[in-house]
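After this come two complexes, each holding chain A, first together with chain B and then together with chain C.
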Partner chain A sequence: MNAVLAVIALVTVASAAVALSRRNLLHSILILAGSWAGVAVFYFWAGSQFLAFAQVLVYLGAISMAALFAVLLTRHSRDDVAGASSHQRAVYAILTGIAVAAVLLAAVARTPLTVRPSAPPPLSVRELGYTLMGSHAAALLVVGVLLTVALIGAVVLAAGDPPDPKEGEP
Partner chain B sequence: MSPLQLCLAFSSVLFAVGLAGALARSNAILVLLGLELMLNAANLNFIAFWRYGPASTPATGVVFVLFSIAVAAAEAAVGLALVIALYRRQKNIRLPEATHLKG
Partner chain C sequence: MSAAAHTDSFLERAPLLARDFITGRLPEPARWTANTLITIALLLAAFGLLFAFLTLAERKILGRVQNRPGPNRTGWFGLLQPFADGVKMLTKEDLVPRASDQVLHYLAPVALLSLSIITFAVIPYGRHMVPVDLDAGVLYFFAAGSATELSIFMAGWASHNKYALLAAMRALAQLISYELPLLLSVVPVVLAAGTLSTSGIVDAQHGWAWGVVPRWNVFTPWGAAGFAIFFVSSLAESNRSPFDLPEAESELIAGHLTEYSGFKYALFFMAEYFGMCALSGMGVTLFLGGWRSPLAALEFIPSYGWFTLKLLALLGCFIWIRATLPRLRIDQLTRLAWKFLVPLALVNLGMAAFWALSAGWAGPLQLARWAVALAIVAVPFLLLGRRLSRGVAPRTYRYA
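Up next is the complex of A and B:
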């Protein structure tokens, strides 16, 4: 049981780390899709098949495709010109990441956690649907409105005319 | 080490990797993807406590993660649109050069 989880964790974290350290953006996004697939496998392992399905649909299907399109649309920019400042920032960022990971791992290791060793809570998709449309109906509507507004806003942002560089200057 | 602690350690390390990536890279798209990784790490915690934590209703953690994924999708859509708007304005997507909003 723990060995399977360890393998999932190792693959997910390793692919995320490799993805965020690559120079080629397309490679980064494709490897990061592997990391998101690892998270989906974790959901499946934990007993929530519906969430694994949602993760594959949203992250592997939608977000990685949108990111790929964004990379292709902005491909002619000179990305990541290696310089002293960017190298220094990378070192500080990795130190920050190690410090945050150390604090979080120490907190996890020292907190007494009671584990319920039973099977995962019984949850069928039918019950999940009743819960969503019943006691969480208001939140579901709010999320629907949020998605609509966000997508309209994204279209407005991305489709606007190129601004005049002189605009707004006295 | 109990499986719950292993799950929490997994999500902590994934969060740290996302944070380091978001801070280290100067490319706007990669910073956005680092943020998405951090959101994913938070979702892992919800599922870990849903699976192993003290029992509440059987759907609590799953519903929380579903809403979190929806909000993450909205965030990614707006973020990538902002990246394209940034590219249109300054012809690259390097964040250190995106200083127009300083005033």
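Up next is the complex of A and C:
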């Protein structure tokens, strides 16, 4: 059982590391998608099917697309790879990495982890719905408002052009 | 596949009995592996053959619709045509552009085909024939479907051809647009059944209202509207006419498949047909009662027989629509998705909620329930349709 976990973790972390080291941004995104798939496999291994498939749906289906489109729309040509690195950039990168790692580690260390050897609760969609609409209703509403604002913002940004009088003609 | 109950008829249990006869002598751990391998092999063989004859049936039917015979030279009535095509595809030269991204160019069709094959795993083909009965089977199906977009992008980008890349962007715009109404039309089904498991959804559609009308989702107001939205969206998701813009033979070169030839092209073709079969199978499961028979008197026909019949009927509709409707333009296509299907699917969700809340209404209130539910979806349908086609329809066509 632990060997499976080790393989999943190795694939996830290794593909993330390879993605960081690629010069070609599109390659890094595609490899990063492999890392996200590894996280989904981990959720599946841990017995949380719903979370695993939601991870695939959101990360592989949507976020990877957003990243690919962002790269395609901002690069001038397909050979436009990331520029040569400088010492200054390396220092900033390491500092940012250390800061993020410190925040994550602090959060993990301060969370009480109680190991319960009980069977996992049978998670039905109904219970998931009750949990989301009950004890986590506030978080759900906040996320909903955030997404709505983002959607309206995207529409406003995209609708900047004056309407084309020829549009809609047969 | 679960163990067969002994109350079923012999035909119902026949596939399980045949499988157990083959693998019964193996020790317990090996038996599970052997059973799984047999299931996979059977699924691949069945859908491979279905793919082969679906291409033939499509060409034959399209031919008949256009008043020509269709392929009729290879074997009786052209029955061996798909195999001749297979040999042709296998022996064709595989051209890879020198400037292309070789690895991605190779991986794209493989990823697309494998992602469309794994969706077959959760469809209940019969009473005891669910290859993998997942708790979140519906979500699995659509997650695997949404991951195919990555491989389309890979195909377009790896070809190092601006037309292929542009066409891949168009294909992605179409797939992403229609995924929304597709998923939204499925939500009421999950709401009504209270489960994401495909076999649970089929179980929820058991029985007959007044002894004759099967309690399939398609016979409820939200199910009928949802099925219509699902069907239109699945036409678009599987690149079928009238939504076959990604690979519009008569207008574009071949879309994101421009730089593909030989067997890789055949793999894309196969993935498209597999996707169509999988979406039809999901449509049968979600709305048409899955493997259930329409009449109690017809239950002597085994469940997998009913599933096959319904699947073939839906696939026939796909071909029929291809023969009937002209292709949409890209702006009409995205407008249909965002301005028409998505709002209607959201309204349909509201109607499903009303239907679930008014489940206790009886007597004359039953009629009011139907009237209110139909009004909830019919009024926005008419208003939206009128509003969106203002200034565009009715069109006058002048023929030269």
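Everything that follows uses one rule, which is that the second predicted complex is superposed on the first by the 112 of 170 C-alpha atoms of A that agree within 3 Å, B and C clash if a C-alpha of one lies under 4 Å from a C-alpha of the other, contacts with A are read in each partner's own complex, and residues count from 1 in each chain.
In this text, contacts are C-beta pairs under 8 Å (C-beta built on N, C-alpha and C of every residue); 3 or more make two chains touch, one makes a residue touch a chain.
What you see is a predicted model, and the numbers here were worked out from it, not measured in a lab.
K.L.:
In the three-chain superposition, say which chain, chain B or chain C, touches more residues of chain A.
P.N.:
Here the partner covering more residues of chain A is B.
K.L.:
With the two structures laid over each other on chain A, which partner does A:134 touch: chain B (first), chain C (second), both, or neither?
P.N.:
In the superposition, A:134 touches no partner, neither chain B nor chain C.
K.L.:
Under the stated touch criterion, which partner chain does A:150 make contact with: chain B (first), chain C (second), both, or neither?
P.N.:
first
K.L.:
Quick check on the superposed pair: does A:62 touch chain B, chain C, both, or neither? Answer first, second, both or neither.
P.N.:
A:62 contacts both chain B and chain C.
K.L.:
After superposition on the shared chain, which partner residues are touched by A:49: those of chain B (first), chain C (second), both, or neither?
P.N.:
Once the two structures are laid over each other on A, A:49 reaches chain C alone.
K.L.:
For A:100, using the defined touch cut-off, is the partner it touches chain B, chain C, both, or neither? Pick first, second, both or neither.
P.N.:
first
K.L.:
Residues on chain A in contact with chain B in one complex and with chain C in the other?
P.N.:
50, 54, 62, 78, 123
K.L.:
Given the complex with chain A, which residues does chain C contribute to the contact?
P.N.:
Those residues of chain C that touch chain A are 104, 134-136, 139-140, 142-144, 146-147, 149-150, 153-154, 157, 160, 169, 172, 176, 179, 190, 194-196, 331, 391-392, 395.
K.L.:
Would you mind writing out the residues of chain A in touch with chain C in their complex?
P.N.:
Spelled out, the residues of chain A in touch with chain C are 26, 30, 33, 49-50, 53-54, 56-57, 60-62, 64-65, 68, 72, 78, 123-126, 167-170.
K.L.:
Over in the complex, which chain B residues touch chain A? Could you list them?
P.N.:
Within the complex, chain B contacts chain A at residues 1-10, 12-27, 29-30, 32-34, 36-37, 40, 43-44, 47-48, 50-55, 57-59, 62-63, 65-67, 69-78, 80-85, 87-89, 91-94, 96.
K.L.:
So in the complex, which bits of chain A are touching chain B?
P.N.:
By the definition above, chain A touches chain B via 1-2, 5-6, 8-9, 12-13, 16-17, 19-21, 25, 28-29, 32, 35-36, 39, 42-43, 46-48, 50-51, 54-55, 58-59, 62-63, 66-67, 69-71, 73-74, 76-81, 85-86, 89-90, 92-94, 96-98, 100-101, 104-105, 108-109, 113-116, 120-123, 127-128, 131-132, 136, 139, 143, 146-147, 150-151, 153-155, 157-158, 160, 162-163.
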